[in-house]
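What follows is a pair of complexes built around chain A, which joins chain B in one and chain C in the other.
Right after this comes the complex of A and B.
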């Protein structure tokens, strides 16, 4: 009986603790899970549009929130690279003798015709630096209890002025997100189908993104292999090494 | 005395008044001759530009391409293009074949980005197809297989490039992915169509096919027909060739079947016919006015003629004959003046470069009015008919004149 009361007490405490969590803490814990000091991931992008489906595979190297390097390995775009350093996006194409630096309106261009824009890859300070967050309640997403967090931009340097995020109450991983324009128009919807646990960190490993402004369009990101906390090749995020 | 002699005498009796009527008809006829010559020149220009740069006389595309054209569906292509182009070139009535690979492009330079309309062309075929060397403003045609580009002068100016400079173009591949390639500007081209100068970049077809991962595919094959060839007959044989080819679902359309601004032009042509009619009616009001004045001024004379036995019908015919002579003289003078103005303009041309800036129509910056014998003859007879028939309105009054009252009124 004592044991039952103890367990009940712990469950209640956890529930109270859960309710007591504020939006900032939820986002912080989610970012701790999803942001890694260093990482290398292999995966693929399955892009579905009105003309059919195609797959592009890639390797991503990342260092914290600041730096990301994507190299495409599928035959159609083999050797093409996207480098993000702070808020700069550079594109490398083996057939071009110069790098393309994207800025301004060009950042809204789609990455390989997917539902992800280059602008989605920018922003490196974390959600709490760019958004005012507030807890909107709790909802279940695919049977997973989630916190619903509203994010309202406090910075003008963000791609989406408003976001709504469903964060798993147990795993502190994003389960769903909706991204809105300032007018309130829904622009993109993200749905996490699978998560992956590596070295104690849980992050989405299968996620669909659909651009609501495109008809019959959806992009699925699948991470097949992930390594966290590894030593990255020196200079991997430098412009000089972009074309190696 | 014959009616025509009386009419001639009446015309010469008040030469100033008759001259006014003649000048009014002449101005109307001259304006319409000029308008029709200008329209004929515009029509000819539009047809040439459409057949050379846009639709060909006959165009072969993937049957689905037109539906999604705005999205640049590179995968909806014409495969085994070189073999098909060869087959089409051997057809009777086909004068030239131009396989083309159209693609959208973006150029990033400094803080700015620019969009362009890229076209991969076979320069050997293309030079014959559209007299490309004649339009070269600087440099030379790109060498086959080289990463060289020919830029429209407006586009080069916009990006700040000249011959020898390089530009990196980002585009969409057949797999709907992206690719970028760096090209050296080998030459600048001054297309007759201003809109093309501001957007167009031509590169060798084989390079474009590699750049966009197209294999031996193109987005379209354009055909020009022999001047004497019957377009429908050639279109039929092209359709048969295309149907029997194994390159997938292809469609061949002749340029009249393709929705272009030419159909708007045809529509506008009808409107211009109405404008011409109003011009002549306006000119004819002078004749109506003159005839009315004559009737009132010559009431005594009319009364005398009626008293001498001239019937109402004969009086109407007299005034109609007078108007007919005035119309003939006016229409002739107007048409001759119109021809005299058109002929030098037809060789010099009228430059609309400034007013055509930003206009995306397939019309050339310099238009050459074109004298058309049929439309000029039409203007002449049209002017004579409208102006002389309009005299019947006041002349009807003459037929009802009572000779006694007419003589008393003086």
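Right after this comes the complex of A and C.
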């Protein structure tokens, strides 16, 4: 009887621990998977609106959370680049050969007409620096058991005051996310269709983003090739490289 | 003291020789292999133009641009763009003529090589040589900070995303100091005649040379620029700033720099100021509205209406409204307004990106004003209607 009570106690403790797994730990483990010291990825984004579908291919280099260089390679946008460093965004259009610093309302412009805005690229300190996180429960997303985590902004420098994330319980990768305005209005929904494992890191490799304020609009991001922990070329996150 | 100076000069010379040699050796050591990639853009346009009080002209032409560019080499890159225009002459005078001559015209808007060398462990500098575009300052149509191509465009394309697309033969050096700060010295050569005809030799003194310094002061992008304009024997300087306060704003001022033989009044005579405001509003449903207003001020130009056509007035405005119900559709109204003589060129248009790389355009150009105004209805091309399709592949 004593043994039974002891085992029951251990089972209950494990269940309580599993349920009450710290939301911070969940987000930390997810970011460990999805944020890389250095990376180079090739992919494409398929933009669909009520007038049709367009595809743009790109290469993105990243260093941690705060430095990103995106170069578009598809013929319509070839050579267009976006540089994000220290929460600043510069654009380069090869036809105009002009360096443009994005500020204010221009940050809310969408990236090549997609459901992603330049503002989505800002906010670079990681979720735990910008949001207070809390565990809301567990749900299944496409058959994958997930933690549901609420994120409430503690910083003003974020594009979305509230977010809700579904984080895979086994893989600690985001399966779904909803982003809200301060009023509680749903702004964007992200659904992860596929994940990729590279060097032990698991991250979304096929994800749809739909801007809820647009009608019949959706953008699918597909990563075709990813390299993680590589040595990046020196000076890649600079205006020199942007205008190269 | 003199010996010290000589030693310093000798040391500097040795450093320069060593630096150039190191660069040359490095260039030899690094592979310059690159693959060639290409893209083609075809633009087929039909234009109906008013050529006289009762005469109209319908002309069709196609412009093809072939771009060949290198890929795969991080240290050397090149691009060659060849334009061929087939069909009715696209110059306003000829397009508006009763029977424009069919022709084929070629142009090379871009032909350049870029090469980069390490400056430190984290920074590179690069050199651009050939026919290329460099944009100093800020501005869609008016940009007083653009000492190289002028405060206003010589051949603007109001139907394009980039209204100004001037290029020049040049050698430019992009010399970074830090992430957001760099120097850009440039030497511009007199134009090269591509027609094959025996052009008269050009005077080396007709070249231009200058430099810009770009940095960020707080959240304001700031540029200081200087250019010696050999053709007009002018020394010009400009200051350009870009920032955000409720709306995006940018402004620039340029002027002749008084040197020996010139006076402050000469500088005032060449003073130009450009101001721009931009605001983009996003609406529920995904539509957006972009509002832009640019102004170009020339204090020493005419501020009262003159009887002669082609007068250079003291103020010009460029209002632009672009409404995008979805990202693939732009409906725009652009205008160049001359407030002094109350005339304007108005360009309403539509651009619809139907498929990847395939775009349909329709636009009109209407000049509102009298014949001697900056923009007159009775002038050549006073009314134009055009449709075009373009495909990039």
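Simple rule for what comes next: the second predicted complex is superposed on the first by the 226 of 244 C-alpha atoms of A that agree within 3 Å, B and C clash if a C-alpha of one lies under 4 Å from a C-alpha of the other, contacts with A are read in each partner's own complex, and residues count from 1 in each chain.
Note that in this section contacts are C-beta pairs under 8 Å (C-beta built on N, C-alpha and C of every residue); 3 or more make two chains touch, one makes a residue touch a chain.
Quick caveat: nothing in here was measured; it's all calculated off a predicted structure.
With chain A as the common reference, the superposed partners chain B and chain C clash.
More residues of chain A are in touch with C than with the other of chain B and chain C. Contacts of A:80 after superposition: chain B is touched, whereas chain C is not reached.
In the overlay built on the shared chain, the residue A:120 is in contact with neither chain B nor chain C. Of the two partner chains, chain B is the only one that A:91 touches; chain C does not reach it.
Within the superposed three-chain model, A:243 lies in touch with chain C and out of touch with chain B [touch as defined at top]. In the overlay built on the shared chain, the residue A:214 is in contact with chain C alone; chain B does not reach it. In the overlay built on the shared chain, the residue A:71 is in contact with neither chain B nor chain C.
With both structures placed on the common chain, the touch criterion links A:234 to chain C but leaves chain B unconnected. Of the two partner chains placed by superposition, chain B and chain C are both touched by A:106.
Of 3-11, 39-47 or 111-119, the segment of chain B running into chain C after the two structures are fitted on chain A is 111-119. Looking at chain A, you'll find residues 47, 49-51, 54, 76, 93, 95-98, 100-101, 103-106, 109, 112-113 touch chain B in one structure and chain C in the other.
On chain B, the positions that touch chain A within their shared complex are 68, 73, 75-76, 106, 108, 111, 113, 166, 168, 170, 172-173, 175-182, 211, 213.
Those residues of chain C lying in contact with chain A across their complex are 39, 74, 77, 114, 116, 118, 121-126, 132-135, 138, 161-162, 164-165, 174, 176, 179-180, 182, 214, 216, 219, 221, 242-244, 246-248, 278-282, 284-286, 288, 326-329, 352-357, 392-393. Taken together, the chain A residues at the contact with chain C in this complex read 47, 49-52, 54-55, 74-76, 78, 85-86, 88, 93, 95-101, 103-106, 108-110, 112-114, 211, 213-215, 217, 233-235, 237-241, 243-244.
Considering their complex, residues 47, 49-51, 54, 56, 76-77, 80, 91, 93, 95-98, 100-106, 109, 112-113 of chain A touch chain B.
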